[in-house]
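First the structure, then my questions, so here it is.
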Amino acid sequence: MKYIIAIIKPHKLDPVREALTALGVSGMTVTEVKGFGRQKGQTEIYRGAEYATNMVPKVKIEVACASDQATAVVEAIQQAAETGAIGDGKIFEFELAGALRIRTGDTNETAL
Amino acid sequence: MSKTLKFLGAAGATLFAALPAFAQEAAEKAADGAAAVAVAVADGPIKAPTVEQMAGMVDKGDTTWMLISSALVLLMSIPALALFYGGLVRTKNMLSLLMQVFMIVSVAALVWVTYGYSLAFTSGNAFIGGFSKIFLQGVNATTYAATFSNNVYIPEYAFVVFQMTFACITPALIVGAFAERIKFTPLMIFTVLWLTFAYFPIAHMVWYWAGPDFLVDAPTDMGLLWGWGALDFAGGTVVHINAGIAGLVGCLIVGKRIGHGKEATPPHSMTMTMIGASLLWVGWFGFNAGSNLEANGLAALAFINTFVATAAAAVAWCLIEQFHHGKPSLLGAVTGAVAGLVAITPASGFAAPMTSILLGFAASGLCYVFVAYVKNKLGYDDTLDVFGVHGIGGIVGAIATGVVADPALGGQGWIDYTVFPAIPGEYDMAGQVMTQVWAVGTTVLWTAVVSAILFYGLKFITGLRPAEDAEREGLDITEHGERAYNY
Amino acid sequence: MSKTLKFLGAAGATLFAALPAFAQEAAEKAADGAAAVAVAVADGPIKAPTVEQMAGMVDKGDTTWMLISSALVLLMSIPALALFYGGLVRTKNMLSLLMQVFMIVSVAALVWVTYGYSLAFTSGNAFIGGFSKIFLQGVNATTYAATFSNNVYIPEYAFVVFQMTFACITPALIVGAFAERIKFTPLMIFTVLWLTFAYFPIAHMVWYWAGPDFLVDAPTDMGLLWGWGALDFAGGTVVHINAGIAGLVGCLIVGKRIGHGKEATPPHSMTMTMIGASLLWVGWFGFNAGSNLEANGLAALAFINTFVATAAAAVAWCLIEQFHHGKPSLLGAVTGAVAGLVAITPASGFAAPMTSILLGFAASGLCYVFVAYVKNKLGYDDTLDVFGVHGIGGIVGAIATGVVADPALGGQGWIDYTVFPAIPGEYDMAGQVMTQVWAVGTTVLWTAVVSAILFYGLKFITGLRPAEDAEREGLDITEHGERAYNY
Amino acid sequence: MSKTLKFLGAAGATLFAALPAFAQEAAEKAADGAAAVAVAVADGPIKAPTVEQMAGMVDKGDTTWMLISSALVLLMSIPALALFYGGLVRTKNMLSLLMQVFMIVSVAALVWVTYGYSLAFTSGNAFIGGFSKIFLQGVNATTYAATFSNNVYIPEYAFVVFQMTFACITPALIVGAFAERIKFTPLMIFTVLWLTFAYFPIAHMVWYWAGPDFLVDAPTDMGLLWGWGALDFAGGTVVHINAGIAGLVGCLIVGKRIGHGKEATPPHSMTMTMIGASLLWVGWFGFNAGSNLEANGLAALAFINTFVATAAAAVAWCLIEQFHHGKPSLLGAVTGAVAGLVAITPASGFAAPMTSILLGFAASGLCYVFVAYVKNKLGYDDTLDVFGVHGIGGIVGAIATGVVADPALGGQGWIDYTVFPAIPGEYDMAGQVMTQVWAVGTTVLWTAVVSAILFYGLKFITGLRPAEDAEREGLDITEHGERAYNY
Amino acid sequence: MKYIIAIIKPHKLDPVREALTALGVSGMTVTEVKGFGRQKGQTEIYRGAEYATNMVPKVKIEVACASDQATAVVEAIQQAAETGAIGDGKIFEFELAGALRIRTGDTNETAL
Amino acid sequence: MKYIIAIIKPHKLDPVREALTALGVSGMTVTEVKGFGRQKGQTEIYRGAEYATNMVPKVKIEVACASDQATAVVEAIQQAAETGAIGDGKIFEFELAGALRIRTGDTNETAL
């Protein structure tokens, strides 16, 4: 199994969610985060003074999936989340050693 | 301005409302709903009435107006100012701002009734009053305070409490200048001392006088600036310049925040700041129109001026941002609004609505320059622009008052209280502007010196700043052991 | 309704407070604390008093009431309406709502004093006033405005500022209909144009008249709907129907939000919405009871009606939800409350408390139907139910006013100002309801046409909506470069 | 206290404002701006005036004062109390608090106009009024309510609505005691029943009397505690002790929250709590000074007492925390402020500012002891310290009123309404304190018994608590299907 | 070492924390997240209109533990977090390559 | 590639960010979390009553980096985040199986 973490722009959450649902992904977990990267943040202006912020609000998506689904998931996220502008985000892929559904006790693939 | 003693003040609309009629029909003076005055009407107004006579010169409409105005000014401090300031700081310092404002109000109220009212509003010398009303002795439910009209009085407690709210908000305004980096206990000590040595004297200098029915017989019983003929309807000098300068001095002596200029410190909640600004606007009607001490056409004038100057200043700031940065911001809009409120304060009962609008525009532009350029150029860390908005806005307003009060521009002019009953005086714009400049200068100097002494003194005795780690962690936890939010 | 000219209006309680006594004892008319009137009492009321005489017909209690009512109505816009609306949108659009309301208020205030007051409240034709008071010329601290009672006046500035707050809130109400998807600059332009072509004419048609001491001699100097005898105590037509219809037209022309109907858009902060609704309730007392222009028993009636109709409507909505969904929600409670406030507005000074409660119940139910069913059926995206609540609630209230005003139901009836001094007119419920329907129809038509032209015009000239990506990112960042929260 | 019937009440400042003058010059009684009274002056005050005569004894300044005071007391409930309470609970229960307060206000308003006003403020027996004004029959825009001064009246609707706001806030205060664990529907039922069997009777006992112009001829037409001569200016017994005891009984019967004592439940938003406390402070001026029913020097006294007692109590709590824990907290400051507000309530029109400060200090200290020690010792779960602050603060204030009202301490004493016109009575501090103790005891007993019966009854009939899982998930979702925040 | 990520219902946080403490787990990190899964969200009603929300507030718990403790941790979480209703959540298990206590510089097992 | 998760004290975020930037780390993702550990939480006092809170606000930093950079990153974080007081936090290291930059489609090392 794989565990995919994607950092995307907040307003891309809905398209990404739809893309993943279309793929048959049964669940995901979403966190509001702040990102620091090449996209150095909008220049923010307070009372006329400009500041370069380097923390940009992002959304982190976590999806556990079967190993053979991983590539499709990554691709789906990339396509849905892309705007072409800097700050589109990253997708990270991990090995998932085990999974369990709390309600039923199902484990691994069946738990997802 | 001519050195001749002039006695100015908010025009006594009651008396002059119907000027043409004035000479002809004394009966008309029964105007504005006061049966009380009716008593006097028979043989004309009474000079230096006794307390018993004053009891018949009180209008319940005025009493209501002063009480509700007092409530509105308290609203300006808590929650309005606290939210306006608090929304602009980082989450970790939010609670400290709320606490500072809340407790400054509480402490100032106690100081005011204990000796502040006496020092500010009793006869003493030109600089400070005396101790005759210490602990409010001699004040009770059947004593009265003078207004700006002959033979119109309000319950003295209403006057005490209205003025109290001003003493509460002024020191609270200062804290914005060194927000996010001040220890709580020294701040409370500063509040008491600053009220005593800066606020009470300046309030006395600007506002104390014997009253329209008494001045004729006591031509020297007044504060220094009042005697000069300086016009300050609702406290441009006493409140805004006073706080603005103290804030500037404070932020210089306290020093910059850690990370100032390097880290962006976006407002943690513009929602709170907007609520604060809105309630400031609403409450400011009590501040400005309440300062008329009577509910008449002049109070309505001060009210509408307060409204439109603020609107104009908000619009002006947005337009500047639109041209300068391509987008108007909410922070800009509310900052402009507050700049407008500050600037119209001394002029609110003297200007006409159209000149108020111009004043609002001008003040907004000038404050913008200070906040967006001068501050960054000079590099001081006036966290919430107390100097840039209250200091500069206050100075602009105070000086411009000399212009907009001119009857030639639709202004209300000044009233000569050296004759009884009082009459409008002849207006000399250039002279008046000079008087205003002198008044501003005196205020700036006085408060700067007092504030510097107090801040330096406290810096050495108790220290002003928390430890570096405490500042980083935020004052909420380190000074008060609480967080503003635990979602 | 009969074509006979009828002159209706908020009953002049001062005069009719003690009707039995009226004929017998002229002295009793000295009622309600106005020494002023005492002047008149000697020889009965004065027809068409001079300004000098008016000065003696002003009561400071009324002046205080009008000023504080004005402050309350400003409170309704900022922060109340801004929070009520803002809490209901998604976080990313919160600040844009706050900004829109804040700046609409500012812009409208400037437009009002510049030419709006003149267009609405000076003599012109049946549809619109003239330019005689442009830039408030001729208005000063010693001019007076008529009330609904013979020989009772208030400072004109107080009237100007009270009416100003209505001109400020009405366009702000509209923005809820297309919240989350409108560009800021076109919205500001719309505000100015809509005030000019929709609000000022309708205000003139509904509210303008020569005043009770002047109408007898100027029997045609009045707005169209006033002349018809339409009853609108505090602005059901001028404010709520006007804004509700403009909102509906706006949301249709602007189009639906991206994702509308697919994504749930839960209120980002019901806390803010509840604060907003509560302050709306509090401020609405100024709106409704202030519209009486005098602080007397009728103002108290309007006040209590406003209170209980709102309470009834909140309870009604909760009961409906309880039966329909098993749980009463806070959003339901506050929506009901606002529906009640809207519905009682035109009726507040005419109904009795018990009929107000029934009106509140009815309005709540009907608004529920529109908000929960009709909107979804028809599929338009009125984001914050401006039409469903203000439009429908306003129409229900306006028409029901014809019923509840009937003295047979404990209502206040109408006053015949064609005789001097004015007397109560004879009440014809069916006729009055028809008049109300006509007034509603006229308002709906006028505002719909004007709004449609303006929205379409702006759509083609400046565009109304931000780019799709900007809409997705949220208006806070894209239109104003700020976020509401940075926790 | 002597069993002799004494008639006490808020002193009639209008009459006694100028006591020395009183005997000599009847004309002076024309005081305080009421032309109305002028009518009476010719032949002295009128005993038992007719409604027509009353119409001439109304001052618009008073009417304005009562209306705005009513708005301020509504502000105290919504949003102030809702936010004060809501900020202190966990996020998951925030919305439930807002909803409970909002709907209690709505329901109570309807109950009040339906039969509450009649039960509380019409003649009946010593314990409860009658049904003569059920559905507000007989009340209209031209009926009047008595004040504490001979021949001074206010529109009855203004009195009805002012008292209504008290009936709205009192049951809302109770909910803090069992916050986070009560079902909504039983709470609404409780509200109606508790108002009926606890609030209306106690309000009748404490506040009902025939009025100063009527009492002489109807010497037994009054509530029980009023007849005893108990002093309660603004509702220390009726509102605070009443709610405080009901809260204590409620939290005992409802039981502790799951996890009480084990999990820390930090306030989810001290920002909201601070806004709430600030608005409570502002609104409380309407509550206390409004209870004077007239806008005169006594209202101003009640106002300033309310201000300084609160400030003193806030400072006191902070000082205690400083010595006890090394840091003053915002929660402490606002809790102290509310304790001060509660304690000064019964005394606000009787004390002098300096004794009010002492009362504020004392109340703060005693409430601290209950909140910080006694509660933990006894182990009951009074979530938001309704008993500790409102119950204890109310009792302290009610008893201390007997002390601070003493003219020897600058207090206002009591007025003997058995003579016409009324005169000040002779003061017996020890006797008065005993009367206060009896009044407190009666209130405590009555409300405790009624509340216990109602809570137990509802516990068995409908149940009071949600299921354990629902309580864990939070009442927002389980009772109302909504969340307070969706950021 | 293992790294356990559990997504649970918010009101189960306290029981889970207690269960883990009982087990001797020395620390954990908690994040507020939104979950998207089979539990399609309460039907939320706004002004009478129903919407199916698919984002449900959840709490994410992260626990690093020694490998031999992992099973016990997973079991403890499952038992404490189970309600039997849909939406109870998932437990994911990862290999943890290294750990370090910032204060002391302790590494791996001793760092936990 | 490695994926570093660090739990630190909130006011140490700025120093850590600076240290990582100095190291040439091109991005990071930050989440506000609550920590439960040895640092049993300040004793919090509400209205005079003391409670021991066990949830302390912390900040979670996630950094993906090339394997050879990992040690340097961990050290930099440790040095910048250390105060020596209890509750300084932990650093966890994971194997990162894959990475992708959404904007460009770059993968693995080049994606970071």
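Observations on the structure shown:
Think of it as A, B, C, D, E and F in the order they're written, each chain with its own count starting at 1.
Please note the rule applied: a residue touches a chain if its C-beta (ideal position, glycine included) is under 8 Å from a C-beta of that chain, and two chains touch if they have at least 3 such contacts.
What you are looking at is a predicted structure, and each value in this text was computed from that prediction instead of being measured.
Steps from chain B to chain E, minimised over paths through touching chains, total 2. Mostly differing positions are employed by chain E and chain F in their mutual contact, as under half of the interface residue numbers are shared between these two copies. Note on D-E: across the candidates A-B, D-F or B-F, the interface recurring with over half of the contact pairs conserved by residue number is B-F. C-beta contact counts were set side by side for B-D and B-F; B-D has more.
Spacing of chain B relative to chain C, judged by their CA centroids, is 33 angstrom. Taking each chain's centre as the mean of its C-alpha atoms, chain A lies 48 Å from chain C.
A separation of 53 Å divides the Cα centre of chain C from that of chain E. Centres computed as Cα averages put chain A at a distance of 18 Å from chain F. Under the contact definition stated at the top, the residues of chain E that touch 2 or more other chains are 31-32, 44-45, 83, 94-95. Looking at chain B, residues 33-36, 38, 59-62, 64, 68, 263, 266-267, 269, 275, 325, 329, 331, 481-483, 485, 487 sit in touch with two or more other chains.
Chains touching one another form the pairs A-B, A-C, A-E, A-F, B-C, B-D, B-F, C-D, C-E, D-E, D-F, E-F. Residue ranges of chain C in contact with chain B, taken from their complex: 33-36, 38-39, 51-53, 55-56, 58-64, 66-68, 70-71, 74-75, 78-79, 82-83, 86, 94-95, 98-99, 102-103, 105-107, 109-110, 113, 135-136, 140-144, 155-158, 160-161, 164, 184-185, 269, 272, 275, 479-487. Those residues of chain B that touch chain C in the shared complex are 11, 13, 16-21, 25, 27-28, 30-38, 59-62, 64-65, 68, 72, 90-91, 266-271, 274-275, 277-279, 281-282, 285-286, 289, 294-301, 303-304, 307-308, 310-312, 314-315, 318, 322, 325, 327-331, 333-334, 337, 352-354, 357, 410, 412, 485.
Considering their complex, residues 263-267, 321, 324-325, 329, 331-332, 335, 368, 371-373, 375-376, 385, 388 of chain C touch chain E. The residues of chain F lying in touch with chain B in their complex are 9-11, 14, 42, 44-45, 57, 83.
Of all the residues in chain F, the ones that touch chain A in their complex are 3, 17, 26-31, 64, 94-103, 105, 111-112.
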